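For reference, the structures are reproduced in the following blocks.
Heads up, the next two complexes both have chain A, just with different partners, chain B and then chain C.
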Partner chain A sequence: MSHDEFQKHNAKILTPSFVVLLTLTVIGFALIAVRFIWGLGAVSNMSDGYPWGIWITYDVAVGTAIACGGYAMAILIYIRNKMHYHPMIRSAILTSVFGYGLAGFSVMVDVGRPWNSYNFFIPSKWQANSAMFEVALCVMAYTNVLLLEFLPAVLVTLEKTEWRTLQRFMDMLHQRTGIKRPERMDERLDSVKELAAWLKPRLDKVLIFVIVLGITLPTMHQSSLGSLLLIASTKLHPLWHTGFLPLLFLINCMYIGYSIAILESVISSYAFKRPFETRELSGVANIIPWLTVIWLSVVIGDLAWRGQLAAALSFDFYSCFFLLDFSLVAVGSLLLFSGRKRQSVRWLFISAALIVLGGALYRFNVYLIGFNPGKGWHYFPALAELLITVGIVAFEILGYQVLVKILPVLPKLHTREQLDVRQGLAEKA
Partner chain B sequence: MAKPSRRQFLKLMGATGAALLVGRGARGTAGASEGHQVNNDTIGMLYDATKCVGCKACMSACKRVNSDYGSLAFEKAKFDSDGLWDAPQDLSGSTRTLIKLFKESDKKWSYVKYSCMHCQKPSCVSVCPVSAMTRDPLTGTVDYNKNTCIGCRYCQVACAFNIPKFQWDKAIPQIVKCDLCKNTNLVKKGITACAETCPTGAIMFGKRKELLAEAKTRLKNDPDRYMDHIYGEKEVGGTNHLYLAAMPFNKLGLPVLKDEAPAEFSEKIQHTIYKGFIAPVALYGTLCFVAIKNMKKEQAAEGKDHKEGHK
Partner chain C sequence: MGKVDLFPGVNRRDFIKTCMTVSAMLGLPFGMVSKVAAAAQKSDTRPAVIWLHFQECTGCSESLLRSSHPTIANLILDMISLDYHETLMAGSGHQAEKSLHDSMTANKGKYILVVEGAIPTKDNGIYCKVGGKTALESLRKAAEGATAIISIGTCASYGGIQSVGPNPTGAVGVRDIIKDKPIINIPGCPPNPYNFLSTVLYYVTFNKLPDLDNLGRPKFAYGRKIHEHCERRAHFDAGRFAKSYGDPTHAEGYCLYKLGCKGPATYANCSVVRFNDGVAWPVGIGHPCIGCTEPDLLFKTAIADKVQIHEPTPFDSYAPVDLKDKGKGPHPLTTGVIGLAAGAAIGVGAMMAKKLPDGPDKGDDHGKTE
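On to the complex of A and B.
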């Protein structure tokens, strides 16, 4: 668990993708302002029949599953004792921080009376029967745990920083406006550095308890995300409404977590022109089929037990979506059973993408597509509603892009060979 | 090294699965009435669709009495630019109760009144994360408190009758639903505004046992007039708003529902997983044990490498 496993990505922050993402973010946040001034109806197509739309389904249910990379990698590294995957953990945790933070933010946009949220902290208002109560507390706790897990990266940087940007800014401010530097500024900055240096070894000592908490909490709330729909027994289609929803959601978030760790690594290697971590990735890919096989068997076994197999194969609207999510996951994991395909970055990418798509579609099916409140109700997200989600996701990618360039997040390139490849890629570009 | 740890991992997975299976099994054996008792001394209403003439006096009485307290408003029809009539299309963030006409043919038709069913085991109360929805154990009234509500709309997802309505067009919205005039007419006159106003006696207000007895008498005295069913007597564990009608209830927009309350099913699973908070604590403890053991092993291995390197 040494800190020299990680490094900053040395590159410019202001890139074309930065500008595009920033524009999308600004549009999204402007629409969020509209929502707070004129009400939810002004930007969304949600209705009394479909009270949960794309924000809950995508940003919360799917978003937190995609953010389970940190959870899945932590299980692999600390519980299954595969320490050589440790270099992958920081980028996984950073995406989890953004995923969960923004899911929480989306909820605050989505709920009608966010100023009453303090009631979650008042014991007399607690309602343990509600799966929502469990999800809310657990997600809040987990977001803090993730921040703690990421803190070492910040502390290491603080310890070594010389505050160049701040110094330059203060100089510029002095030249332009004549404002003097605050006295004792350097002294104070030094004390921040000292504090970071003091805190880091102490945090390292207790970090393992935080990390394990970071495994326990997602196990709880990811299953509860499934429990949320248990009560909608008359509205959720029988293909998806089952007492096994919590278990299915739990396994679902694990295989999505490992798959997304693969996707992230491949995409960031490609985007940041670093060599692919093929050996680590194929090791991670080895676990996924085991999880998906359990998941697929529970799905089939449960359908058979409830006598819904015929409905699953009837090829009506619901059956088609069911078969689609089922086969995406099945095909993706079939590919991963082949040892040779696991060695190829392309096949790893394709199968991981199929599994993430299938797993995410499963959550869409449960929250939206399989949900039918009765005659006369229809839902398709409004443009503004979609743009808010796009803005939030853009902000997430933007933050990741910037933070890997100012904090040591990505795995350090070790061998001469890896460094040469990086050099070659950079020259080509 | 890999094999035992995979086994440990699968064991954990198995434990979670087993916990869920227990929940599942418990559901199979439990009857509809097990777990919650129907309290027939609570208050409610009996709506007799065969007596209703569709005058909508109940609707206007409801708005007159509850508009300030319940945040109700008049809804204009499209053709009515002057706003002469209150013309809600459906229950909404401005309307708590509504009369609709179902017409199958010129001779076969029926009015129907929609409002909160005041379930004996309400889903909305079971799912509300901050106890903004409550059921008064004495009166059986399902009430909403906007000062605690966070506006998550889980109650809307959960309600099998689609009763709670949200104010989509307001910056400061709230949920709107019938509270049996708990803070208005009931306090002043001891009866709900709609039942007080109804000129034909189609809405009867009283204790659930009296309403049930009256409904049964009517069914017995005039069997040709009614469908032989009291809607709400058994549905979702019993409701305090009961219906009699001459036409099948699902045609009138009242869904066909099981006798078991959906909240019984979901709570049983949730309680099995989280009973006494033992499972999460045990999970945390086990994981801590495994993780620390792994870390020590790793440190020992690293130390060894280090020494060998110096040799």
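On to the complex of A and C.
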């Protein structure tokens, strides 16, 4: 584990995509303000029949699965001891930080009486038998663990910083308004640097325990996300309601995690005009089909055991959605069985995208599409409700985009050849 | 039954039957029947009962006499020594007053005082006088030597209709005047005679008062709501209500709640014991319960007023029969936006996939299409 494996991406922060994402974020957060002033009904189509909608389904159920890149990569790197994947970990963890932090934030937007949430911090109010409680506790704890896991990137930067931007800003402020820079400012900034330098080696020593927690917590709550729906036995369609829900959710989050790590790497290399990490990606892609094969077998076996295979092939509303999520995952992983396709960036991208789509659709099916609270109930997200989700996702991408440019997150380009490629790409752009 | 006898002898079979009925109603074990019978049989232990009438309609006494169980009225007279009862006693005038006085002196501290009717208190209680004494005086004097007081009927228990505003005579129940004697309230308009009889026999058998609730009513008779054992309960649970008197829903015997039945708020055993020898009772013949055992209901709420149901035991809602659409479905604008966004995402993804190199990245073919 070395901090030299990472570098920050030297590029402008204010790009067109930055403006677009910022706009979407502002709209989303303005609507969240509306929700807190005029209540849930003002922005959302949720009802007594559908007490959770797109926010829990996407932001929490799917969002945390997509944020499992950090979890999946941590298993690969630290449990299976494949240290050559280590350069990929930081960007995976950064996505996880945003994914989980904002999932928790979405829950606060979603709950009807957020002012009661302080009870969560009073142990006497805990209902320790509740899967919901376990999810909440784990998501909260894991967000903190992720922040700790990401902290070295911040510390390294703080340690080496010369506060150029701040100095320039203070100078400008002085010229424009005549405000003098505070006395002993340099001294204080130096002490921050010293603190970072003091903390970093100590954090490195305990980081392995944090990483262990970071692997345990998602294992717990990702399966609990499945357990949540176990009690809805009369509401969830039998195609999805099974005692294996916790297991299916756990495997599902792992293959989504690896696939999203591939997608993320391909997209950021493409967008930031960096060379693709094909060797690492095809290695990761090698794992996915094994996970999906287990998952697909459990799904099929469970359907056969419960005598629901006919329902799966009846081609009604539920069957179509089931077949869609099943075949997306199946086709995506079938592609990855081919050694040649695993070497191709294009096919890696396509298959990873199919698996993420299929895996996410599975969670949508369980949480929303296959969920029927009784005759007469309808739910479809309102536009404002969707825009809040879009705003939160935009904020995630925006944060990632900005942070990779100010913190060492992306893998360092090692070889002369890679550096030349980078140079060439930059010139072409 | 050759000879005409005003108080025909009770045969043993009827006597034991009545004792058994009473034991069962009190919730006593079967073995207690003999004890009750023994207690009721002993002529020398017959408790003296003095029965005073104040502001009332004599409905409680009538109910007691009209109870059609063949021997019950007689049993009351045989099992207790009813020394003074203005409606029933043969004597009148000074003779009656003397028997009252004699009994009170002879049985001092032992007799049971039964009060029927409310007691006016305004203007020194001049609004009700018997034998030149106000009800207030009579009650205080009779209560002095009583071992326990039974207030029969809602008037004696809580004041009844006389006490309803503006209450011109200042009528109150016994419990508002007598504070130092045990008082058992047997409210009802009229109360079920069996409740009275059971209370008296309980006292005779065990020499103590039965368990009372916070309104002084014996729990064996007033421990549960009428609603809990109502024969129309199934209609209530199924949501079938009589809409108006004479309506087909009324004729079908549907629940009378919407006509103002106070059963869900009234503690009494009418729905189990019933009246007229267990044959009929108001709800059974199609009239809503008026809540006559409850001080806050009878004469305080209109008959047609519905009571709030606080403890709907099995259901608090009914399975909807006509299913309306609930919740909000898709809006064309939303689906349009989603369609555009999904289309754009798939398009961008496809374009990107096309631009990505098909093969291990050597760096130089980045961005080219193949």
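The rule we apply is simple: the second predicted complex is superposed on the first by the 429 of 429 C-alpha atoms of A that agree within 3 Å, B and C clash if a C-alpha of one lies under 4 Å from a C-alpha of the other, contacts with A are read in each partner's own complex, and residues count from 1 in each chain.
Throughout what follows, contacts are C-beta pairs under 8 Å (C-beta built on N, C-alpha and C of every residue); 3 or more make two chains touch, one makes a residue touch a chain.
Here the structure is a predicted model, which means the values were calculated and not measured.
Under the clash rule set out above, the superposition-derived model of chain A with chain B and chain C contains a clash between the two partners. With both structures placed on the common chain, the touch criterion links A:W347 to chain C but leaves chain B unconnected.
In the superposition on chain A, A:P275 contacts chain C only, with no contact to chain B. Annotation for chain A, partner touching more residues between chain B and chain C: B. In the superposed model, A:F380 makes contact with chain C only, not with chain B. Of the two partner chains placed by superposition, chain B and chain C are both touched by A:G49. By the touch criterion stated above, A:N81 is placed in contact with chain B alone, chain C being left untouched. Only one of the chain B stretches 74-82, 110-118, 128-136 or 146-154 carries C-alpha atoms that clash with chain C in the superposed arrangement, namely 110-118.
Shared contact residues of chain A, touching chain B in one structure and chain C in the other: 47-49. Within the complex formed with chain B, the chain A residues making contact are 1, 36-42, 44, 46-49, 51-52, 75, 78-83, 107, 110-114, 116-117, 119-120, 124-134, 136, 208-209, 211-213, 215-216, 219-220, 223-224, 227-235, 243-244, 246-247, 250-251, 294, 373-374.
Contact residues on chain C toward chain A in their complex (touch as defined above): 320, 323-331, 333-335, 337-338, 349, 352-361, 363-364, 366-367. Listed in rising order, the residues of chain A touching chain C in the complex are 45, 47-50, 266-267, 270, 273, 275-276, 278-279, 282, 343-347, 349-350, 353, 375-383, 386, 417-418, 420-421, 424-425, 428.
Contact residues of chain B toward chain A in the complex are 1-2, 5-6, 8-9, 13, 16-17, 20, 23-24, 27, 91-92, 123, 126-132, 146-154, 156-158, 160, 162, 164-174, 255, 257-258, 262-263, 265-267, 269-271, 273-274, 280, 283-284, 287-288, 290-292, 294-295, 297-298.
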